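Below are two complexes that have chain A in common, paired first with chain B and then with chain C.
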Partner chain A sequence: MRDVAVIGVGCTTFGEKWGASFRDLFVEAGALALDDAGLAGEQIDALYVGNMSAGRFIGQEHIGALIADYAGLAASHHIPSTRVEAACASGGLAFRQAVIDVMSGMEDIVVAAGVEKMTDVGTGTSVDTLTGAADREWEGFAGATFPGLYAMMATDYINRYGLTREQLAQVAVKNHYNGARNPIAQFQQEITVETVMKSSLVADPLRLFDCSPITDGAAAVVVAPLERAREFTDCPVRVLASAQASDTIALHDRRDISTLDATVEAGRRALGQARLQHRDIDIVEVHDCFTIAELCAIEDLGFCAKGEAGRVTEEGITAIGGRLPVNTSGGLKACGHPVGATGIKQIYEIVQQIRGEAGKRQVDTKIGMAHNVGGTGATVVVHILGAY
Partner chain B sequence: MSVAGFWRKIPQRYNLVGTRCERCGQFFFPPRTFCPHCRREGTIVEHHFKGTGKVISYTVIRSASDQFEFTTPYVLAIVELDEGPRMTAQIAIPPDDIKIGMPVKRVFRRIATDGESGIIHYGTKFVAR
Partner chain C sequence: MRDVAVIGVGCTTFGEKWGASFRDLFVEAGALALDDAGLAGEQIDALYVGNMSAGRFIGQEHIGALIADYAGLAASHHIPSTRVEAACASGGLAFRQAVIDVMSGMEDIVVAAGVEKMTDVGTGTSVDTLTGAADREWEGFAGATFPGLYAMMATDYINRYGLTREQLAQVAVKNHYNGARNPIAQFQQEITVETVMKSSLVADPLRLFDCSPITDGAAAVVVAPLERAREFTDCPVRVLASAQASDTIALHDRRDISTLDATVEAGRRALGQARLQHRDIDIVEVHDCFTIAELCAIEDLGFCAKGEAGRVTEEGITAIGGRLPVNTSGGLKACGHPVGATGIKQIYEIVQQIRGEAGKRQVDTKIGMAHNVGGTGATVVVHILGAY
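And then the complex of A and B:
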């Protein structure tokens, strides 16, 4: 098996992009990534695209072909292009497929993209579409929403570990601070604990500012064999691990409601592959679709004991300048969560940090981890990237 | 949801008809037709659940999809049935009264409607016992 490197990255700004279509978004991100790698389109061997639900959001399926077509690589070069779907983990999974393609020797230059255009439908429809990431027949039918499912995790967590409402709010405050330093972030404003506490209840105990927003956006990265990486870039970033794990589709079937066993397993597999310890990881991008999700992720990845993440956050350990900065991009909360693009944006952030291109949110990074979750934890993808 | 999609789940949704593996004795609700433990060695049979259990966790849904918006706010919970399996269901109770560990029993209720002229979804909710 070959070593793999990221040789180029690109990302659109995230937000409610009324003027941009699905096609506009991925073409922009793809062109940015190719420019970054100094590549021409015809040098690409294959494309993977993470997308959760273009069928529901814009009525379009067959996304692989659409992307190849509008990237100008279908009619002329007929490159293979494949859509990958694992709800909110679609992006991370698309990246993993690209890595596996190159690692196996099947292809050399592979683009992994992620895209979601969510604002063409109303809130009710998007809430219902996102519910499809959970168990439609036995959770959605009963009236479960996505915030509702994570809220039940939060209720269980608070009851067992004594987390305070303020500690939960600190996650959003930190991520907004980081987002305010990220030019692609949907939210560029800092907030206070009071902002969170005064926002409306969505699903008790979660309030509006505990939830990631509805977002349009796309991101793309280019991977290549490590041995060829310097043909394209002076600062290749090595893929040290790519791990994936599954769990039950429904939250109610989990061994423990507020522990994501798939995160535990994918994290352990990734560290094993990379032969690294927790202390070797400089930054982590975790899947904070809700504030409670960031706390569970930090614990389930093994960075602290169960029940400790609220205190860890309150003490600033996960802030920029702390011992383990978490979600320097602003996370899903502040950077935005175009579901299929999120996993690729996490890779984009870690590559920027390793290359020293993260501007006002720069932290000293040699090794970074990305943690991307589908649904309430039924799919988890963990990648570790390192300077080379 | 299509009429057929709703209709074929009526026994499970109206009367909590689930399954059980005769080999390992584990109960399944929502029903499974393949035992995750015994796999192909297992024998799956129908099981009628008593419909009593307790609340494991809960939330109050304040913002819902269009189908459920008329019901908000409503209490949603994970209920552990006495036989062991857990399920997601609404608890017909004022939001301030819900508690972890609360004993509940099943009731037959309207759950949602498919717009003004679509089918009415009935199914199981729980009440305090």
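And then the complex of A and C:
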């Protein structure tokens, strides 16, 4: 089993990108990552791409081949190119498959990309497509939407742990603060608790500013055997752990609807693989598709006790400058959430922080963790990356 | 890099399975594969599933988690479960990712499954969904369908190589003969050249009996490190090669529309990995989504010269009892083509042949090859399996 390093990263800006097609997005992200690694396309041995639902968003499946083709590597080099899908965790899983591929010795230089073009359909189609990440038969057909499912988790959490509405809003305030310092973020504006509290109700208790947006975007990273990493970069970032866990697809089948057992398990496995403890982690990118999701993630990953994350957030512990900065990128909330790209963007952020290239949101980082969730927690993938 | 073996296989019957849901299908195939390997579910370390378009066929994405859940391994064991998609090559790629996972040392006992439930939508939706395997922007939006694209390949081939309409029909006749001897096949009837010639025209020169059908079905195989294989089975089947190649997604961008360069390349790579020559291969399962595709495959894999496959078929060389039996399962044409399952069903057939469990269609087999195509050849995956 070979050690693996990230040798290059690239990301488009995130947003409602009316002028860019699905193809434009991944070509841009891929070109940025190759440029960052100082690689020519023909040096790439294989591609993995995370994408949730291009079949419904743009009528296109077979995304692996499409990407190889538009990267100019299909007809000329016939490189293997594989799409991986696990709803909003598709990007994280594409990264994991790239890592496993290099570990196996099958390939050396592998690109993991993530892409989603969500704004080419109307809101109804968009909401219905995203419901495909939940249990279509027992949730979707009954009328549940994603905001509705996370609202049930939030309601349960509030009732059991006494979270205040203001504490929940603090997650969005922090992430917008960070997003305003991230040039790729969809939202570049700081907000206040009042902004959240006065925004329209989406699914009680979640308001508009508790929800991550609909976003177009793509991100790409290049991985290589650690022993070869310095051929390509002066600052390789080592992959210290890659762990994945599943849970029931339907929320109502869970042991506890406000604890994501797959997060607990993937986090535990990742720390075990890396032989690290919580205090060794400098920053975490967590999957804050809704504000409540960030609080659950911090707890379920083991960074604080259950019911404590609201207070931890309120006290600034998870802010830039705090003891454990969470979502320095702005998270899904402010950076935006092109579902298939998000997991790769998290890696992009951690790598930038480790390299000291995070500009106004820079945090002293030797080791960072990325936590990517599919659905309401049926798939979770956790990666730990470290300076080398 | 560890050697890998197949230790168990299972497959549902293929057909228009009105009484079975998507979930029923993969649960049945998975249970059969585990039973074949003598494994309990909790001994499985990870799952991969090939599925092309459940998002459009049944409104469900996040298939990996769904399968882990309905296999009873999500809430209890939180096993990693990942969907892989490359249109009609999704099954072959799922198998390949399972093999790479075991090679890497990340996991030991891994299930690769393939599933598609195609009959829950009408023909229009079905045809449009399948067009997502081609280039939506430059083929689909212009009105091209899959029969249309393969008809262009057939027309080009006929004009250049003098293939007769009767030779093309012989592919279907042979595959129906084989399907009639395969208990899982969708079509259990033998046909004649006349059946094909008198069937309705779909896309000139392709007639109804030149086309593989719309099918529901699932298949699963279990892989393990070769060194552990005999813990589970007396007849492990060794994975001798796993090769994948890409080409342009649009047919009109190819160097030659009746030669699949990705097949040429994946076949060449597979034989190189296995250090074998064509004469070492006893049987081949090729991707005969249309009759013309089988002829191209035989040639592009290098089993005969370009333009010779019609004559080779006519002479019975590819029939059971011939020198190189092709598609003993009945192929996509007669066994049926649930797109995500087909690549796994090919592995299932090769394993049955190597084990001597193929009943009325048994061929003396030590080494077999499986060839799985996505779209019109934008993704090709070739596996070689051998007795151990």
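Basically, the second predicted complex is superposed on the first by the 388 of 388 C-alpha atoms of A that agree within 3 Å, B and C clash if a C-alpha of one lies under 4 Å from a C-alpha of the other, contacts with A are read in each partner's own complex, and residues count from 1 in each chain.
Simple rule for what comes next: a residue touches a chain if its C-beta (ideal position, glycine included) is under 8 Å from a C-beta of that chain, and two chains touch if they have at least 3 such contacts.
For clarity, every value in this text was computed on a predicted model and none was experimentally measured.
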| request: With the two complexes superposed on chain A, say which partner A:S81 touches: chain B (first), chain C (second), both, or neither. | output: second
| chain A residues in contact: does chain B have more, or chain C? | C
| request: Using the touch definition from the top, say if A:N175 reaches chain B (first), chain C (second), both or neither. | output: neither
| said: So in the superposed three-chain picture, is A:M152 touching just chain B, just chain C, both, or none of them (first/second/both/neither)? | reply: first
| request: Using the superposition on chain A described above, determine whether A:D253 touches chain B (first), chain C (second), both, or neither. | output: both
| Touching partner for A:S200 - first (chain B), second (chain C), both, neither | first
| message | Looking at A:W138, would you say it contacts chain B, chain C, both, or neither? Reply first, second, both or neither. | response | first
| said: Output check: A:M106 vs chain B and chain C. Expected answer is one of first, second, both, neither. What do you get? | reply: second
| field | Overlap of the chain B and chain C footprints on chain A, listed as residue numbers | value | 128, 131, 135, 137, 250, 253
| task | Going by the contact rule at the top, pick out the chain B residues touching chain A in the complex. | result | 1, 9, 13, 30, 56-69, 71, 74, 76-78, 86-90, 95, 100, 111-112, 121, 123
| Contact set on chain A toward chain B in their complex | 123-125, 127-128, 131, 135, 137-139, 141-145, 147-148, 151-156, 159, 200-206, 250-253, 257
| field | chain A partner contacts - residues on chain C that touch it in the complex | value | 1, 21, 23, 52-53, 55-56, 58-66, 68-69, 73-75, 78-87, 93, 96-97, 100-101, 103-106, 128-129, 131-137, 140, 242, 244-250, 253-255, 261-262, 265-266, 374-375, 378-379
